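Okay, so chain A shows up in both of these, paired with chain B first and chain C after.
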Partner chain A sequence: MAEMDPCSIGPGPAGLLPPSAASCGVVLPRKGEGLVEGRIVGEQAALEVMARELLTRKHPTVFPGPLVLWDWRDGVSPKAAAVLELAEEIPGVQIIPMPDYRPIYPKIDPEAVINPCHPNLTIWHNKIEVCVFVGVHCHYANITLRMIRAGTNCYTVTLCHSAGHEDSMASLPFCGAEQVRALTGTIRRLKRQGLRPLHGEARGIRLTGAQQAVQEGLVWQHGDGA
Partner chain B sequence: MALRTLQVAPGFMRFMPKEYQDLVENGPFGRQVKLSDVGTFKEILEEHPMCEGCAMAFFIRLALMGLPNPEHTIMVGTAGCGRMALSQAAIPFVYGNYCDTNGVATGLKRGLAIRFPEQDKDVVVMAGDGGIADIGFSQVMHSWFRKEKFTTVMLDNEVYGNTGGQESGMTCRGTMVKMAPRGKQFDKIDMLGLARTAGVAYIARLTPANPSRVVSTIRKAVLVARKIGPSYVQVYTSCNIEYSIPADKVLDDARQVEKERYGYLEIVSEEAGAYLESVAAEGGEGR
Partner chain C sequence: MDGAGNQRVVTPEYMFFEAPRTRSYITGSEAANEAVRRANVDIAIAYPITPQSETMQQVGELYGEGYLKDYYRAEDEVGAFSAISGASRTGVRCLTASSGPGLMRGLEVIASWPGHRLPLVFLIMCRAINAPLSIQPDNLELGYMLLTGNIVLHAENQQDFFDYTLAGFVISEKCEVTLPVAVAVDGFFVTHARGWVEMPSAELKLPGRDGYSEAVPMIDNENPPIRIARDAPIQKSNFISYQMHAAWQQEVHAAQERARPWVARYLDELIEVTNPEAETMIVASGSAVSQSREALRRAEEMGTKLGLIKIKSLRPFPREELRQACRNAKHIIVPEFNCAGWLNREVRATLYGCADLHIADGPRVFGGITMPTEMILEWACPGKQGR
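Let's look at the complex of A and B:
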């Protein structure tokens, strides 16, 4: 089990039912600031850390939530486009959606979806060591992030439309399309400056087995192959 | 805004699970589907963790087909078997505390009317006999007295099936269940009579033995609640585990119970009847 300073919010596993970051004294950033591992930093510094982690950890994955997946009001499309643009810049990236918050029983397909009730299953199965949450309602994101910190070694990045998340390792509050593009820009700059991404120069978003099967019109049964 | 909440943002469709792609492309949203169309559209409820042969799960599946506008409907439920299926349905579900479903539904309905004055939003409470007639009794009655415009559906399995077989107010007199070994000492609560006394505009009693009647009854109940006043549907949904009914005999049991003591009954107020006739005349009835 990873040992950590009570106020340092790093990748886990932190063990069953870790105290919430807020109860450990971590406070939310204000507009123009970011949160990195429990500390408030400037927005640019937070973007720098996010970009670096996304490029250098295994199996980076974007988890878009309902607020960005569904075109439910004006302003969603530009943000959705910005998220896709961000994903395109991260070599080896996958996109696994969280389309809603329904409990999924009797069995979740971790290559098709991430569910707030058991996000660890998707992270374990796909061996994800860094992820970005974007467009998830905060009350679900908070519990999801804590569960991920409790049971996995995944580095969580949140691009929050509201006040940010204490329980993620790097969080940016009040994120619209502009802030998402700023992260994309930071990733491009780091690559130009010579940072070599862990997953090489591969471009394009990698489909999961389940997504490939759906695209090819096959019936996907998790565990049995398509 | 109507169906915008059901459109996938540009570029994301290929990452969506098949189930969601089907819901977007073939779901019952924004159009009228009939019971005879089953198999040609993506249903609101498919997978669920309820017991094999469960009449309640079958009823819920049919009832969801009966919703006139599922894209503008919110379900409210509480502890019990029904919520296990309802919470997995592809429409919003609010889990009320045991006892406060009709209070929650009241707030929701009133709030939605303020937030969306141009769009009818339907609220449907669907809970068990314990949730409606025992623990939630007070709030159910008061919502009826206040003439709150939403539908209350009782999934009457005549027992607390989810917790091992305690008698409920809706268990029949003399019935022995696992945790009521002496047999129930009192009569089944007459919720239909109470609904009538409270002035509920549309009241129905039925079993899932006739699927098309389930669909049309739910539709009528929701339409009446939308415009006229409270509606109440009481449906016999046997617990085949607690009453030891073989899974393949559940519908036979429903037919038998319907014949003996749970026959189809509809009590419609004058105003509700006139409204339903006007809807039918406009071609909006008969799904």
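Let's look at the complex of A and C:
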């Protein structure tokens, strides 16, 4: 009898249209577990991998989604604060939001947003090699992760509010503010233990060109979402 | 009347596994209705067609008794299935139903539900597809359903129809699934015949749907996610649009895969195996399973041991389970109530290259004929039956 082996879900590019990890036999972790490159591991082991990758790959970026960007439900604000705290611990990090899921045409500003219709554009433009998705609805996160794995070399980390993501290289399910803070704590510990961040010389959160322009009060030309 | 107001909310685990059950001798239509009574359904919309009408007429009585918040007859199946799409997008628990030609009429909309990630339960009381005109039992329509991205469960009898319907709502609304669940049953043979059904108290109901905890944002004017509603990607003729659409379709089928553990949990696995050591296995779903059980009994009287694999879930299909269950088999037959043999194709595709065995291309009945036990025996034990 043929047994299906779980795929190893590493950074891409994986090809034109790689099969979904779920269809290759990768299963979701349960509460207290994590998923690392297609394998179920303990939560702490997943946090270690996430922390190490975020500190040692180029141009780390946090992609916050609507579930942490809009203060529409109890618990959102503390989680959003925890995400900012996490970002501040990653030298050279950028924060590029996924504020909604509407297709953006004729072109997006990849320094302003990431969009699930063409997430690879933002990854490519900003040369992002590791990222964290947090607060994105699972359907949109999954299609985004699949396209990133298909066409980029970005290592994707997901802090999922629900059951996690098979197409992410490292995924933690059922994440509230507490789990976000646990990742922050792991990053702090690794740095204390001597891990030198790749962008160790950078201070604070790095603004993209578009964000810098807004900061300086310049007009911000962006896609209108039509 | 406020029937729902007098019910107590319990967890699915308590409802399915712990609550005491009492037996009632009821029809399949009544069994589905009793599942709906306990399912905390918000809205039911359908268009009448035989043999589905009886259940939806009874669900209308549930509405009158206060168990549902809304219920109406749509203008036709396209209208019914479109309206239930809209209802599901608002985050409420939804039910619709149809049969044969009605299902075929609304198939375009049915096939759009999974892509829009719409949790709902769709009851299918199978009947022949026209033409020529027939209202008799025949489940050809399920062959079309297999390609739509819906979860498809196939109930054998009245008990299954109760259990699968109730479980369908819970499976459908799991965040990692967020797909419609079609619960099919062979019309008349089950819907209009009585059988014993064990049910938990009607004073219990499932928790309501939590639309804020699903894979896509529901439409809600009070919250910012309304602005991120479910715009389809604009279909430009460029690679980005193609890739996005492809990734989206993959996601529907990935979600089916994620439904496996929940289907296994609430349906007690995706298959049921009788006599796993037998060299001749009958693989069946729906009421063909009941006919096959009788064939097993009669074969045993003749001194022949047959095996039986009951397929409970058609989507997701129990691939690994079927391969394991057929590891001792040399000969497989697939009795079906349709002319196309859609289950036979599934079985062949699943077992291809996995075992050295013969898969017979039948037996099948269609157009309303029931399957005589003798017919199954002719195919399963050809020497003994003189075939």
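One rule holds in what follows: the second predicted complex is superposed on the first by the 212 of 226 C-alpha atoms of A that agree within 3 Å, B and C clash if a C-alpha of one lies under 4 Å from a C-alpha of the other, contacts with A are read in each partner's own complex, and residues count from 1 in each chain.
Everything that follows uses one rule, which is that contacts are C-beta pairs under 8 Å (C-beta built on N, C-alpha and C of every residue); 3 or more make two chains touch, one makes a residue touch a chain.
Just so it is clear, the model here is predicted, and its values are computed rather than measured.
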item: Which superposed partner A:76 touches (first chain B, second chain C, both, neither); value: first
item: Chain B versus chain C as contact partner of A:97, first or second or both or neither; value: first
item: First (chain B), second (chain C), both or neither touched by A:84; value: first
item: Which of chain B and chain C A:117 touches, first, second, both or neither; value: second
item: Touched partner set for A:105, first chain B, second chain C, both or neither; value: both
item: Partner chain in contact with A:211 - chain B first, chain C second, else both or neither; value: first
item: Partner chain(s) touched by A:166 [first = chain B, second = chain C, both, neither]; value: second
item: On chain A, positions contacted by chain B and by chain C; value: 70, 72-73, 99-100, 102-103, 105
item: Sites on chain C touched by chain A in the complex; value: 117, 174-176, 178, 212-217, 223-225, 227-228, 231-234, 236, 240-241, 243-244, 246-248, 250-251, 253-255, 257-258, 261, 320, 323-324, 327, 353-355
item: Parts of chain B lying in touch with chain A, wherever the complex brings them together; value: 1, 4-12, 14-18, 20-21, 47-49, 84, 87-90, 93
item: Residues on chain A engaged by chain C in the complex (per definition of touch); value: 1-2, 4, 17, 19-23, 27-28, 66, 70, 72-73, 99-103, 105, 116-118, 121, 137-140, 142-143, 146-147, 150-151, 162-164, 166
item: Residues of chain A defined as touching chain B within the complex; value: 64, 68-73, 76-77, 80-81, 84, 95-97, 99-100, 102-106, 109, 112-113, 205, 207, 210-211, 214-215, 220
